[in-house]
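Naming follows writing order (A, B, C, D, E and F), and every chain is counted from residue 1.
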Amino acid sequence: MDHLDRLIELALDEDLGAAGDVTTSALVPPELRGTGTLLAKEPMVLAGLDAFARVFRRVDPRCTVEFLVPDGARVEAGTLVARLQGPLRGLLIAERTALNLMQRACGIATLSAEAADKVKGTKLKVLDTRKTAPGMRGLEKASVRAGGASNHRFGLFDGVLIKDNHIAAVGGSIRTALERARAHAPRLVKIEIEVTNLDQLREAIDAGADVVMLDNMDDALLREAVAIAGGKVPLEASGGITLERLPRLADIGVDFVSMGALTHSARAMDLSLNLDTSAS
Amino acid sequence: MDHLDRLIELALDEDLGAAGDVTTSALVPPELRGTGTLLAKEPMVLAGLDAFARVFRRVDPRCTVEFLVPDGARVEAGTLVARLQGPLRGLLIAERTALNLMQRACGIATLSAEAADKVKGTKLKVLDTRKTAPGMRGLEKASVRAGGASNHRFGLFDGVLIKDNHIAAVGGSIRTALERARAHAPRLVKIEIEVTNLDQLREAIDAGADVVMLDNMDDALLREAVAIAGGKVPLEASGGITLERLPRLADIGVDFVSMGALTHSARAMDLSLNLDTSAS
Amino acid sequence: MDHLDRLIELALDEDLGAAGDVTTSALVPPELRGTGTLLAKEPMVLAGLDAFARVFRRVDPRCTVEFLVPDGARVEAGTLVARLQGPLRGLLIAERTALNLMQRACGIATLSAEAADKVKGTKLKVLDTRKTAPGMRGLEKASVRAGGASNHRFGLFDGVLIKDNHIAAVGGSIRTALERARAHAPRLVKIEIEVTNLDQLREAIDAGADVVMLDNMDDALLREAVAIAGGKVPLEASGGITLERLPRLADIGVDFVSMGALTHSARAMDLSLNLDTSAS
Amino acid sequence: MDHLDRLIELALDEDLGAAGDVTTSALVPPELRGTGTLLAKEPMVLAGLDAFARVFRRVDPRCTVEFLVPDGARVEAGTLVARLQGPLRGLLIAERTALNLMQRACGIATLSAEAADKVKGTKLKVLDTRKTAPGMRGLEKASVRAGGASNHRFGLFDGVLIKDNHIAAVGGSIRTALERARAHAPRLVKIEIEVTNLDQLREAIDAGADVVMLDNMDDALLREAVAIAGGKVPLEASGGITLERLPRLADIGVDFVSMGALTHSARAMDLSLNLDTSAS
Amino acid sequence: MDHLDRLIELALDEDLGAAGDVTTSALVPPELRGTGTLLAKEPMVLAGLDAFARVFRRVDPRCTVEFLVPDGARVEAGTLVARLQGPLRGLLIAERTALNLMQRACGIATLSAEAADKVKGTKLKVLDTRKTAPGMRGLEKASVRAGGASNHRFGLFDGVLIKDNHIAAVGGSIRTALERARAHAPRLVKIEIEVTNLDQLREAIDAGADVVMLDNMDDALLREAVAIAGGKVPLEASGGITLERLPRLADIGVDFVSMGALTHSARAMDLSLNLDTSAS
Amino acid sequence: MDHLDRLIELALDEDLGAAGDVTTSALVPPELRGTGTLLAKEPMVLAGLDAFARVFRRVDPRCTVEFLVPDGARVEAGTLVARLQGPLRGLLIAERTALNLMQRACGIATLSAEAADKVKGTKLKVLDTRKTAPGMRGLEKASVRAGGASNHRFGLFDGVLIKDNHIAAVGGSIRTALERARAHAPRLVKIEIEVTNLDQLREAIDAGADVVMLDNMDDALLREAVAIAGGKVPLEASGGITLERLPRLADIGVDFVSMGALTHSARAMDLSLNLDTSAS
């Protein structure tokens, strides 16, 4: 069972418990079938389609979901996104959990697209962070990609990111931190280091960092950093990033900018599932 | 293992996998201890303290978290919220997952408080919905209460809520739906029914609904509904609710108003965890 | 995986372990197919059909079970209840676990029917309790309904039931307990309170209890309680209830009577599964 | 997590779900402590003490249970069995699940003792079967031993028991079945075979069965079987066994008798847990 | 989920984590299908076919594996063992985990066959031990059988094996140990006891052991032991057993010899999976 | 529960099932305590100490293990490695599973040390592969490090490794494969590509591979490859690597060599656990 299936099982467990959907049990005969249409109620970028469909199949394998537009599509308000059919009980039980996943995914994709649009045509890439809803890392990272932004490392395992506490732990030297990371880190992961001033940046470049993260620097400082790096090492701006600031950062010439807000503060998109009892 | 522990295990699994935190493994000796302070970086209502602490204890039972203010406290920017100590490795590994949980919880509590403040001194209660992040139902519902708003039913099992699809499934009659629910639903749960016009409201009251949800009605219609109900049955306004509209709804005299936004669109609060290598 | 599937997995785990059915492995070739008939060996009310079939499907998805009579049917000794077919190994491995579930379910349904029959035509409803076999709550509650009796709350989450310890915890006042429950309990659950004398009953009614449980009262006292309640609040008699006493309780006029024995002391019904090697 | 812990987790899950004990949450402050006494309300043989205590510790590790009498003790009505203390919330939440396990365990131990007493002083051993409540195999088998009766094999893995279907699967020959079992079964398990008539018994003895089960034979037939076996192989009587018949079976001279009723039809014993808010 | 499925899930979890196969995600379109052939690259005895196929089905149920030779077959270098087809992504993701299982299984089967061949035509049976890779007990025991050797007990539950620590625990007497085991062990398991000298052997035979294990005895001592046992009880030689010594042990006349090396020190067989993008 | 704990739970489950250690239950009183010493019976490099200790603590938290030498230590035959104490039942039950883990870990560490020693003082690093026992990836990789060799990527998630099937999937071009990987792979992982001839090597270097794996090349070809690479990109030799060939590879000048045998074909080291009933 993969991580998304574990999350869906957990979500259904908390919504149903052992007692189940008491309204549906009381009112909907098990043999009744239904159909449904999923509509976008506002303009958005779609994401989370597979997650949406999995919830229905898990509740009742006889439920089917047919998507009319793919992940990553930019749709207008009123767009018909999917058609569903299956036992009405299953459709009703799965509805809320499926929407909770997909509305959040679409919210992230839409905000990511807004960010990516700000830097279109430049070399600047907008990255997400590890500030994701617990259990939804994979889905949220896929939603960021669906919106046209890029992923930072997935977790603590697929990239070295040296922060102030790590540097302090080896005695305060950026060089020592980079050397020790190089010696002990997995062979195929790159080493990024976070710096807060230009001296640290110089030391990091000098000691061979693969990527440098510039923490909470203003535009002037970032501009100096770009000059110092001179294209020898990719630079990532991080901290205090707003949508408005993105074009300026592209102009300054950093390579990456990471924004926690893409995942931790996206609002849910308005999607509506209309169900009907099917004629059958 | 309760539902929150399952979510924390899932979150740590996706962040660590089998390979773990490669940066910390490379740079932080296992015997190094650390201390930390958790600061509120903006005004907020606190929530999720227990979840925050559990993450650290799960990563390493030797980590301790001491809270200086309780769930539900309204704090200013700069407030010291908690002190931590334990093996530095554990503190670093747990940090992001713990913050992801707590920042979201505080965001919900803060938004809930804002909503609750709008109707303070009136009988109107602001309710959450089932539009919660998958796996976080319990934590999000507690955050709503921490902010001073109230909980709607927890899941599909602890309350009957009859919607249009349920009414259609029994042939379209509100009375039939209510009678069948009364006959088959668990003995100690109340029966709420969603209506979209005043005729349905009259039929619902007549047939003995315990609570009536007024779906997407404008202020004028809600006012008529309150007159019709005449205090015989509690009324809940739902759909298209904004913070701005809340005082008007209180004035109109409905008993409850439910807002999906409390949970599905709260932004993460800015909390900062500062770690230090401890002297010892 | 729902709660019944978890129970079935646990039951098969304890019966098979990692080493499996050593008799069947040694003697039954994997390609051999079998058929079976499930017979009621004594009069009974059927229940647990789905649970019975799930065990076979879990052991081997190629096993099929066709039921000839539904849950809730009252059958005579000798009734053919189901036909099975599938790989003989699977049929043999699943047999005992499937029967263990179904014999217990039928026992509960049969005892529940006996109780329900005693009060047929009256308004008195016979309720179960939470005294169920661990892990079998859902199956046992469904068996009670199959027999024609009714369910009390499912668990600790779908109804407030205030007992002496809860009253003591708030300082001893029934009114305080009811008020606090009203303020803090989920919005759609009713509040029942247990009383042991008529003064408490009066206080509970006065303070607005939704249901009152009369604990261990004799017939005379119950009669007085019914007079006091005067139809304003439903009454539940509990404690020391026997089948023989049920008609008298109906006559006295309480609304509900709860019996732990329905689930905790029903004996297993005699069902027999006859397997044959099929000609194939 | 062992099988009993898995069962306890499942039982608490179905009783609490994600929403928890809404009565206790509303009325019992988390800091309140309680004490309790567990009383036997009728004469019984004790069993399930460890299971009882584990439920409390799992709900809250601060709960402690001190037993005053051990598993297997025969106690009178009114005996004080255990003292408990801990947070009152934990005691209240665990109470019902713990009692459900222990009352069933004591019921089985008490019935087993009644059976064992019938054959006291003879060589006849009363055995249980695999007819146990799903998930409770280990606890029920321990309860049988606590009552003084003996265990048949635990599951399908720790003994070969050849029944009619197995014999049919190898072509109908008892000798072939025994030879094949000998060749393929695990090296340290014995081979028992079920026979329904005396010819089969002779063939089974001749072919070297380790134990022979005599299925549904009347007393006269059993007597002949004992004469035929002549002590060369242990005999087990099975099917249609009542408590009343046990002394006669001892007199006839079979070695074992197995009774499904020991586990599948024992009634729950009456145990009562009295809780108090502790002074502290 | 059985034990092998749990192991496969664990193995895929550690290989994929939540982030998945980043190479395949980047380069292989999801709709691309592939075919594969599994070749033996050296002479070997096949085992683990079902485990191999299960990994592919678990990764993607659309993957199919068709075996051309069965478990237990002795094949030459170059033998085509299986054909696979399915989505190329699934084939690539499952490949390594499936091979890891099967190469180990074939290694054990091949070494077991080598051992079994050494004693062919004699009554001596070569047994495995519990020295298996954690989680692979069932697969490794099946591989031993596929190679033509035999299984000792599966685990701690399906046979009594009394060692020096057990004898010490009852006060040092072999007779006491055997009697207590007889009294308390499950009814259908045999009792084996480990002895280190001939006096202990005599005592064990005298006290009725079902099997005696001769621990670390040289050939001369084993010969004496066989004479003492005189066929009254089966003897197992254990400790310091090499392939070379097996024919001598057969000649000496012990009944069983157990070799930990069959499972703990078999090397992986060379099997090669060649995948192709299918024309489709 | 981390991956190693899941493996230990699985291993104990298969060894104990629901029925447990029947020998120990019959013969060892629960209150008896024991002590133990763990001895190396041959020269070896130690690894797996934590895994060894965890098994005992999981079986019974009262068991303690004190190590006298650390992971990575090279010890002589006869070295006292650890002292244990705890309830004798727990020590006996955990013994085999703990040894199975540690003997395998030490086998891998010892073989890894042998390989590392062959290239000591050169820049050549000996790497492991993903050919590990299912469920033991983390333990086996740590054992490789304990022996002084290095780890290749942990799983499919922490490094891109492009093989022939991936190249074919993008149409056969090495350049296309590298470009697509660069565009789609996680930002902090490096890209390694497998080549089988020198033209492919040139193309890979030209297209900017981070590392190149030279598949199954003989010494002459490898020498040419080193010349072509000229230090611009690290080279890894893979396929057909033996211990004997390692010094030659170091001399040739490749940077890495990967050996599946380190993990898939190490034999178990001889470690012996001697238990005693403790005086107390």
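Just so it is clear, a residue touches a chain if its C-beta (ideal position, glycine included) is under 8 Å from a C-beta of that chain, and two chains touch if they have at least 3 such contacts.
These figures come from a predicted structure and were not determined experimentally.
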Shared interface partners, meaning chains that touch chain A and chain B: C, D, E, F
Chain whose average C-alpha position is farthest from chain F's own: C
Equivalent interface positions on chain B and chain C, same or different at half: same
Identity of the chain that, by mean CA position, is farthest from chain B: E
Mean-CA-position distance for chain F and chain A (Å): 33
Distance between chain centroids, defined by C-alpha means - chain A, chain E (Å): 45
Centre-of-Cα separation between chain E and chain B, whole angstrom: 52
Residues of chain B touching at least two other chains: 3, 13-14, 16-20, 22, 137-138, 154-155, 157-161, 186, 189
Touch-based graph of the chains, sorted into line, ring, star, complete or other: complete
In the complex, chain F residues that touch chain D: 9, 16-20, 22
Chain F partner contacts - residues on chain D that touch it in the complex: 1-3, 137-138, 154-155, 157-158
Complex interface listing, chain C residues touching chain F: 13-14, 17-19
Chain C partner contacts - residues on chain D that touch it in the complex: 3, 6-8, 10-11, 13-17, 19-29, 32, 34, 88, 92-93, 96-97, 99-101, 103-104, 107, 130-138, 155-163, 165-166, 168-170, 177, 180-181, 183-186, 189, 260-261, 264-265, 267-268, 275-277
Touch list for chain A against partner chain F, complex: 127, 150-154, 157-161, 186-192, 210-211, 256
